[in-house]
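Quick heads-up: structures coming right below.
In the two complexes below, chain A is the common chain; its partner is chain B in one and chain C in the other.
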Partner chain A sequence: MMGLLPPDMIVEANTVRFDSLALDSGANLSPVDVAYETYGTLNAAKSNAILILHAFSGDAHAAGISQETGKPGWWDNMIGPGKAFDTDRYFVICSNVLGGCRGTTGPSSVNPATGCPYAMSFPVITIGDMVRLQKMLVDWFGIQRLLAVAGGSMGGMQALEWAVSYPGRVAAALPIATTTRHSAQQIAFNEVGRQAIMADPDWNGGDYYGKQPPARGLAVARMVGHITYMSDQSMREKFGRRLRGKESFSFGFDVDFEVESYLRYRGSQFVSRFDANSYLYISKAMDYFDLTSGNGTLAAALEQSHSRFLVISFTSDWLYPSYQSQELVRALRSRNRDVAYVELESNYGHDAFLVDVAEQTEMVRGFLAATFERLS
Partner chain B sequence: MMGLLPPDMIVEANTVRFDSLALDSGANLSPVDVAYETYGTLNAAKSNAILILHAFSGDAHAAGISQETGKPGWWDNMIGPGKAFDTDRYFVICSNVLGGCRGTTGPSSVNPATGCPYAMSFPVITIGDMVRLQKMLVDWFGIQRLLAVAGGSMGGMQALEWAVSYPGRVAAALPIATTTRHSAQQIAFNEVGRQAIMADPDWNGGDYYGKQPPARGLAVARMVGHITYMSDQSMREKFGRRLRGKESFSFGFDVDFEVESYLRYRGSQFVSRFDANSYLYISKAMDYFDLTSGNGTLAAALEQSHSRFLVISFTSDWLYPSYQSQELVRALRSRNRDVAYVELESNYGHDAFLVDVAEQTEMVRGFLAATFERLS
Partner chain C sequence: MKPGLVREIYGRSDYAIIGEIVEPKTKVLDLGCGEGELLEWLAVNKGVDARGVEISNSRVRRAIARGVSVFQGDIDQGLADYPDQAFDYVILSQTLQETRDPRKVLREMLRVGRGGIVAFPNFGHWRVRLSMLLSGRAPRTALFPYEWYESPNIHFLTVHDFEALTQVEGLVVERRFFLAGHRKVKMLPNLLAEVAVFLVRRG
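Then we have the complex of A and B:
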């Protein structure tokens, strides 16, 4: 099957190691591996590079078919030849975040000082730390200025952090379906996920590597997540009250409804590909994220940026509701920053940025082309 | 302290035992205890009785100060002398639902056939079963027709079931912040709660009585619940991003944010007053509830009812959104039924029916008075 694909569709994961990384907490991490993939070709001027930033449970495999797993990337419908992030024109990089479990150093990595996995001795990290590591990767590529940084959800937070922390290094930022800081409700959903994991005796204070992982707790956490990623309407359309493989109620506690079956499946599937401690660390980084750093106004924080912005939100996204994007847009406008904003009509809820890409593609393509022309 | 209260504020719980109850599943439960409280005085004509129906985790203690615990009832701001359900005029009854854990027979009750708690051998029950048992209680009081049945959330489902199943026995129904059937999203949130409980090894297939109950799983289930009971806005106003007892992030996994502290507290508190198996059974009954019984239209189902209706929903309630109440109202209107509907402005989310009672009080008081006058 893979032999039939054009060779540029098959992608390979790479890893680069850096000596050390200073963290916002004051801790230092040494060494640090970064897993990344690239798509397209970096031009001679190194002016066509776009950094794609993944969401909570994503990884470096954003596009193409993985040589390792045979699976398409998580944003394959947006990245590739002729797509929104057009790899015929641009060089696209995506790396696994710090704290992750897909090649980049995280709590499941071996601490060279002990020869054992870090587990909960891994330092608490921030979105700022993730971005600092990404900048080391971009420096390593010898890229002076990124054409764009783009991502949805937690990826959008990283895009915002890039624009504010490294203003000279980012021509354009595309924060999608995201926020400049987590609300109480967003923190609350993350906290429920963390508590579900830590309530599982198999979590064992984080020391479960080589043993039974906290599969039940992680599955429950993921189930909660999935509800928040969909909308009331998309769940109604996808599942409604349809029963699973039966014509009447079971009057028991096995699966009755399709939606129950879906959630249980998604929960158990997640366990096979994600590390529970990474769930704790990455969700904490999202909760800590605040573009104002807790002092000053959002407008003052954004004043440091000189990027162009394309901000996108989705009508049915109740996890990262449009009002949060609009707050960002107002703050940018108040400092006369170059910002375009679209609220796209979609029923898919927060997942819209991953699945409902027709209009998104138009918006991104035009915005990138205009930015690229302006720089050339 | 309790000595200073007017004696009619102090209420006592009562229990009545019935020989047996036939269930929708085909099973039979024998015997069945019902815990109830009453407030006010039944008039000679027995025409002033109102049945109050509690929500998911409520109980029979709806009003006054419990002689046993010293605590006010869950709807004490709505029930009492001069209040919405005015006990100077009406005789108010509230009973714990079938499957509950506060005096009425449920999974934690002893099965007389075995001498042990039912646990998961308790039959799966429905909202219809709950209402059938309530009708036995009403019969026992010798009340031929209830002036009204009223409740919020799952209490509203029971009110609807009453109006449709016993049309001659209910002059008025007040379904508040409720639905005629759970949506996929509502089922999904319940399923997450159930999975959290059953994922806890202490759940032990339901056999935990006399041992360590599944406290961690039940606490996680309750945390999810609390998020859905509040609104994004009420959480923002109540907690925002305020830190708990500190000035900066802990860079650890203890409580950082107020909202985390609140959820953990509510979760652990719930464990001391609620049975995990009751959580499973009652949430299942809610998911099974469908006024159309899965066939025919809602309008056809409601045609059986001859009650007057006051339907109330709240603008910020995203767990039982207004469109569900409006569906009910449209169906009633399409059969020319006597229905009043108000969508009340509130920031409190689903909790509004419990806490934001000023306008609700006006609506309920007027509606009950008009119904009572019409009957007299």
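Then we have the complex of A and C:
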């Protein structure tokens, strides 16, 4: 199949190194590597750049077919020629977040001071730190103003942080299926994940590199995550009470149900591509994120932004429920900011932003085209 | 174009009148904006900063796909969040008769906007009167095509009714237009106008 694809669909990961990054905690990280991919062509005026921001477990490989793995990007249905983020018109960048484990500096990276992986000596990071690093990347490209920043879930948090922290640098922000701050329930799910990892003896205080990683803990964390990404209805439709490869119960604790099998499979898959310490650091950064902090109110925070906003939520998303997006939209309206909002019908729960793309596509395309037209 | 004829925008002469009223480079909020046709026209042709509110999910989607900033919500919600005098114009096109509390909507429109543009179907039109007189039933005309139990219209008003309300509310009527099809009505508007368009301000 790969031979039939146009050659520009094959994408390669790149890395750029920066001397140092000042963190919200007061710590300094140096040096810092950023892994990124780009799609499309930056125009001469450098006015057609869009920064895509990935969710919790995502990476820089947002679109196209990876030269390294042969796999499509995590938002390949939205980014590409003629797609919502149309690479025939726009230059699209996606980078792995700070604290990640897919090429950007994180707890699994080697600390040049010690020659060993940082592990738990890695400084605690925030969404603001992730965005500060992305801004260094954007500066490095020589891009003065991004046409848009866009992402779902944690990617949406970064989009909001961009719009508020660098108001002159972002023409449009597309926060999708996201929130301006985690609720107690969202923090609680993250904490279950963290505790599952830390309760695994193999976690060993974070010092497991070169040894047996906390695979069981990380898999459990991922299983919990997957439940929160789906909806009651999508799980009923996908699994119901169907048994896995058997006619009757085993009267034991092996896999009986299809859903058990699915979660175990997803859990074990995740272990091979994700670092447990990155899980701890990134999930904590999400929990710390609060757009109101330091600004008094959400409206006061958003008043600093001059971007156009397209906010999207999904009916069955109970992890990032629509009321959180509506809170954001109301705060924007209260300061008369330019915002479009719609709650899309979907049965896919939080995963909807990744899979239910037909309606998103028509809106994102129109929204970007109108924004681009206004700027030029 | 024959004298007295009004051109149309998307097949609607009230849109054409609104397009005439709205000054270039202003800020406009359209309540119940549908698929955003009028807003798009105003943005493209008058450089207006256009925003809309619409309750229907599918219409909001199509409006956003047109590049118009529309959010999904009802008119009451839509207005409450905005600061005072945030817009130059707030438009309510053929929706006043569908709102639960038209007076409240009108007050909110003029809190949020310096000018309010209200277009509504005239229940005083002779065809409506005749329909009711002859049939003895709730009138059904081209303008009011619904059975009474299906009608979205829950408040029926005439040109005179609206004029009277502006007096009660202490509003200044800056401009008024009366339409029958694509013609401007010059006399006896309460009898001859199918649609009325008013530009009002707070007194």
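Basically, the second predicted complex is superposed on the first by the 373 of 376 C-alpha atoms of A that agree within 3 Å, B and C clash if a C-alpha of one lies under 4 Å from a C-alpha of the other, contacts with A are read in each partner's own complex, and residues count from 1 in each chain.
Just so we're on the same page, a contact is a pair of C-beta atoms (placed from the backbone, for glycine too) under 8 Å apart; a residue touches a chain by one contact, two chains touch by 3 or more.
No experiment lies behind these values; they were computed from the predicted model shown.
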{"item": "Touched partner set for A:185, first chain B, second chain C, both or neither", "value": "first"}
{"item": "Which of chain B and chain C A:343 touches, first, second, both or neither", "value": "second"}
{"item": "Partner contacting more residues of chain A (chain B vs chain C)", "value": "B"}
{"item": "Touched partner set for A:367, first chain B, second chain C, both or neither", "value": "second"}
{"item": "Touched partner set for A:333, first chain B, second chain C, both or neither", "value": "second"}
{"item": "Footprint overlap on chain A, comparing chain B with chain C", "value": "none"}
{"item": "Chain C contact footprint on chain A (complex, rising order)", "value": "308, 310-311, 329-330, 333-336, 338-345, 359, 362-363, 365-367, 369-371, 373"}
{"item": "Contact footprint of chain A on chain C as seen in their complex", "value": "49, 51, 57, 60-73, 81-83, 86"}
{"item": "Residues on chain B engaged by chain A in the complex (per definition of touch)", "value": "25, 120, 123-124, 181-185, 187-189, 191-192, 194-196, 198-201, 216-217, 219-220, 223-224, 226-227, 230, 232, 235-236, 238-241, 249, 251-253, 256-260, 263-264, 267, 280, 284, 287-288, 290, 294, 318, 321"}
